[in-house]
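Below you'll find the structures, each written out as structure tokens.
Paired with subunit B in one complex and with subunit C in the other, subunit A is shared by the two complexes that follow.
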Partner chain A sequence: MLKLLSIHTSYGHIKALKDIDIEIAKGEIVCLIGSNGAGKTTTLLTISGILKPDSGDMIFEGESLKNMAPHNVVNKGICQVPEGRRIFPRLTVSENLEMGAYSIGKRQKTKGKQYNMEKVFNLFPVLKERTKQMGGTLSGGEQQMLAIGRALMANPKLLLLDEPSLGLAPIMVSKIFKTIKEINEEGVTILLVEQNAKAALRLSHRGYVLENGVIKLSGRGEDLLHNENVKKAYLGD
Partner chain B sequence: MNYETIKKHPVLKSLLISLFAAILFLPFKDIKSSTILFAIMFIFISAVLLIKKSQILPALPKIRWAPPHFLRAASVPSVIMVFILLPFYLNDYYLDVLIMSGIYMLLALGLNIIVGFTGLLNLGFAAFYAIGAYTYAVVNTKLGLDFWVSVPLSAGITALSGIVLAIPALRLRGDYLAIVTLGFGEIARLVLNNWDSLTNGPNGITGIARPSLFGASLDKLNTYYYLVFIFVAIAVIIIRRVECSRIGRAWISIKENEIAASSLGINTTKYKLYAFGFGTVWAGIAGILFASKMQFVSPESFTFMESVLILSMVIVGGLGNTFGAIAGAFILVLLPELLREVQSYRMLILGIALVLLMLFRPQGILGGFKSVHFRR
Partner chain C sequence: MHAGTLCIHDNILTFLLKFPAMLLQQLINGLTLGGVYALIALGYTMVYGILELINFAHGEIYMLGAYLGIIFLGLFTVIGLTSVSLPLALFFTVLLTIVVCSAYGFAMEKVAYKPLRNAPRLSPLISAIGISIFLQNYVMLTQGATDQVFPQRFGDSGLQFLNVSMTYLQALIIIVSGLLMLSLHLFIQKTRMGKAMRAVAQDKTMAALAGINVNGIISVTFIIGAGLAAMAGIMVASYYGLVNYYIGYIAGIKAFTAAVLGGIGNIPGAMVGGIILGLVESAGAAYISSEYKDAYAFIILIVILLIKPAGILGKNTEEKV
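Presenting the complex of A and B:
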């Protein structure tokens, strides 16, 4: 579905990604793990078009994303849930969700919008209770749900999740991860970036380990979970 | 002691409220009657607040009063009627003040689109006001174009200049954008001041024609009053429509969180340009109304202070609220006029009033109310 071919991305003089090759097949959950500053978020920002790669190419369903503006990438069906949630604090929950369907307005009629709203409420029943509440007054976990729900409103083919467990209570983390699985089972392909390597690898079909902008390891989620090097560096046991 | 504790303390709170009222009352009466007003208000408000705090009285049930349908239906026509009838009861002085407030309403409405909806701080808005005014002044005195032809011309040229400024400036954010717009405001004024062959420099352009309709010149103050408020009404209707459209929602999402907006597929650059173009249109129209009313323009009318004044109107009224911008413009034009009697203390009192307003209602007069209705 999505192929990254030897992508190099830099911030000014600093090379953040060196020769990244990633492949995601339809229906998969793929995770990207690594320590702070390894280049995980940079990879997502490059895919979504916010950062421009210096060289290499990205192919999504046979089309190059390389010089595409961020809003066009979304229109192709790739939605990102940005790091740190970034909901609209002074819009209500339902307004936040409606904003998520912004790109749909051009592709589909409002019918799809309603349908998606129901789907989101089925995934996150808490949000249904809070439709009239301001986004900024939700708890951290609820805001993360809202951010994921908002991205789903656009009917994505590929969902990019940036650190969905960041700053959440452990019980919330497992809830969010369970929902990610549900979303995937409904046919949405997922690229997950996580610090919480153990939980992420358990959930994913395949994983990539990033270190200093280079892919060190890749393989099936389970295999990585039992790999000695990964264990030592990221799993802490 | 911080502000929150003042707010909770009944005696301090009533002291501040009555002091505020007494200061505002000062210009109309002498100091003695102001003091009496202060004393009465202070005793009364303290008593009410203390009784409320001591909870002697049973808590009153909270009532949410929704006006009956016929009242709501009647409110818009009655406001319109008041505006139509006003010139018959007011003398020329107040009519003149109202016309100026109408012109400032257009400016505040325009700036509200840029600062209030989209969240792009603009400190050089007077430049667009100037461009609108000078466009008419030049095409009218040099080419003899009349008012009605010049309205779209002025609005168009102003919007174009807004977009031309925005293209490079929108690479910057927040404070940096504010400084660039401030610089643009000064550049525009200096160009007008020094381009003698076109703008006649600091002497300004005189002999600008008043508008005429079907051959009749609209040079009386009351006809002019109607002209200005028809433009205000048109602006409000159009802005409300745009505000509730896809474009309006995109603007608000950019203000709320730009990264999230772009992650949802909103072309942020495009919508910021729209905001600059659409916002400055109204500054252009305000400019042409100003030039044709005064029949004279000079760079002095478009200083940095003017930009600050328009921004204060938007903030006092409530950022992002169309009716707030109107209220803010109305108050900030009317208040200095009402305070004219205290002469040199005028600006001091106006300043105190603004500081107090911002302390007690930092969100602006109408800021707490949502003006966008997401329809479903």
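Presenting the complex of A and C:
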């Protein structure tokens, strides 16, 4: 579905990604783990078109994303829930969701589940009680739900999730991971970036380990969970 | 002594009789002026809201609007449309002026600001001043340095009530300004594109990730701001009857004051700020001295910056996420 072919991305003179190859098949949950500054967020921002790669290519359903503006990447069906959630603080909850659906109507509706506001509310009932509330007044967990809901409003084929568990209470973390699984089971392919490596690898079909902008390891989620190097560096065993 | 007391009584009596009338008169004059300031101020505040940039060339769009109004209406007078139907001629004048000014606003952003989007903040400011000087001189060279006369006089006919008068033109300016502000408010609050404008103002990266064409929204902001300034330009040209190539400078600075007064970046704030500025200016001209007409705006600016720098409806910067 999505192929990253030797992607290099840099911030000014600092090379953040070196020769990244990632492949995601339709229906998968793929996770990208690694420590702070390894290049996980950079990878997602490059896919979304916020950062432009220096070289390499990205092919999504046969089409290159390399020179595509971010809003056109969304139009192709790739949505991102960015790090820190980035809820529009002075838009209401329902306006935040509407903005997620901004691209709908400009592109072919995908088959399968049509996510609309009602369905987002089914997934996250708490949001329904807060439709008129400003996004900035929600709690961290609610904001994470809203951020995921907002991305789902665009009917994504591929959902990019950047640290969805960051800063959330443990009970909320397990709820978010459960929801990610549900969304995937409804046919949405997922690329998950996480520091919580154990939970992410358990959930994922496959994983990549990123270190200093280079992919060190890749494999099935389960295999990585039992890999000695991964255990030592990321799982704290 | 007896005669003297009578005289004072007389004065007080006439003052009391005149007082509400004069106040009402200044209210009407002030609203006319304030509506125009508010329309220009909206352009400043919308652009600031989205780009955190003071578009100091915005006043020139207003000046261009005044000139284009004169040119188009003059053209319609020559081809005889004004004698067939004045309202129709005015309608097309307004329409064409707004379209051309919006094109100027659009081009201004693409030429002067977009290439500097990630530059230090001083660069677009200097670029704005450059565009402003360029447009002034461009108009001076093509239209001459002398005053141009608006081709249509609307006269002083209007509504008269006791000693208070409101010309039809004043009424029209107040109504048109009010309607434009109301439509803008509804556009920003209710439409998909208006909500996208607010989203872009709050977080450009996230807006892009949500599928919003951020550059498109920025262009729309400049187009709307320029359209409102164009309308203000035509109305002022018809109100005063005379325009000059430098009218954009002082009007621009006053409208900027209005935007700061209301809280820069805040749309209802620009409306409120513009109207307050208009009211203060006419009251000051009537009750204190018209010599200092232009000074009142800046006195207000200084007072506001001392007492409430965020402006009347402005949010404190901590809310910027």
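Quick note on the criterion: the second predicted complex is superposed on the first by the 227 of 237 C-alpha atoms of A that agree within 3 Å, B and C clash if a C-alpha of one lies under 4 Å from a C-alpha of the other, contacts with A are read in each partner's own complex, and residues count from 1 in each chain.
The rule is simple: a contact is a pair of C-beta atoms (placed from the backbone, for glycine too) under 8 Å apart; a residue touches a chain by one contact, two chains touch by 3 or more.
Computed from a predicted model, the values in this text were never measured in an experiment.
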Inset, instruction - Once the two structures are overlaid on subunit A, check if subunit B and subunit C clash or fit side by side. - result: clash
Legend entry - First (subunit B), second (subunit C), both or neither touched by A:Pro89: both
Inset, instruction - Applying the touch criterion given at the start, work out whether A:Ile20 contacts subunit B, subunit C, both or neither, answering first, second, both or neither. - result: neither
Legend entry - Partner chain in contact with A:Ala69 - subunit B first, subunit C second, else both or neither: both
Inset, instruction - State which residues of subunit A lie in both footprints, the one left by subunit B and the one left by subunit C. - result: 48, 50, 69-71, 74-75, 79-80, 82, 86, 88-91, 95, 98-100, 102-103, 150, 154
Inset, instruction - Quick one: which bits of subunit C touch subunit A in the complex? Just the residue numbers, please. - result: 192, 195-196, 198-199, 202-203, 205-215, 319, 321
Inset, instruction - Show which residues of subunit A lie in contact with subunit B when the two form their complex. - result: 48, 50, 69-71, 74-75, 79-82, 86-92, 94-95, 98-100, 102-103, 105, 147, 150-151, 154
Inset, instruction - Provide the residue numbers of subunit B that touch subunit A in the complex, in ascending order. - result: 246, 249-250, 252-253, 256-257, 259-268, 374, 376
Inset, instruction - Could you please specify the touching residues of subunit A with respect to subunit C in the complex? - result: 48-50, 69-71, 74-75, 79-80, 82, 86, 88-91, 95, 98-100, 102-103, 136, 150, 154
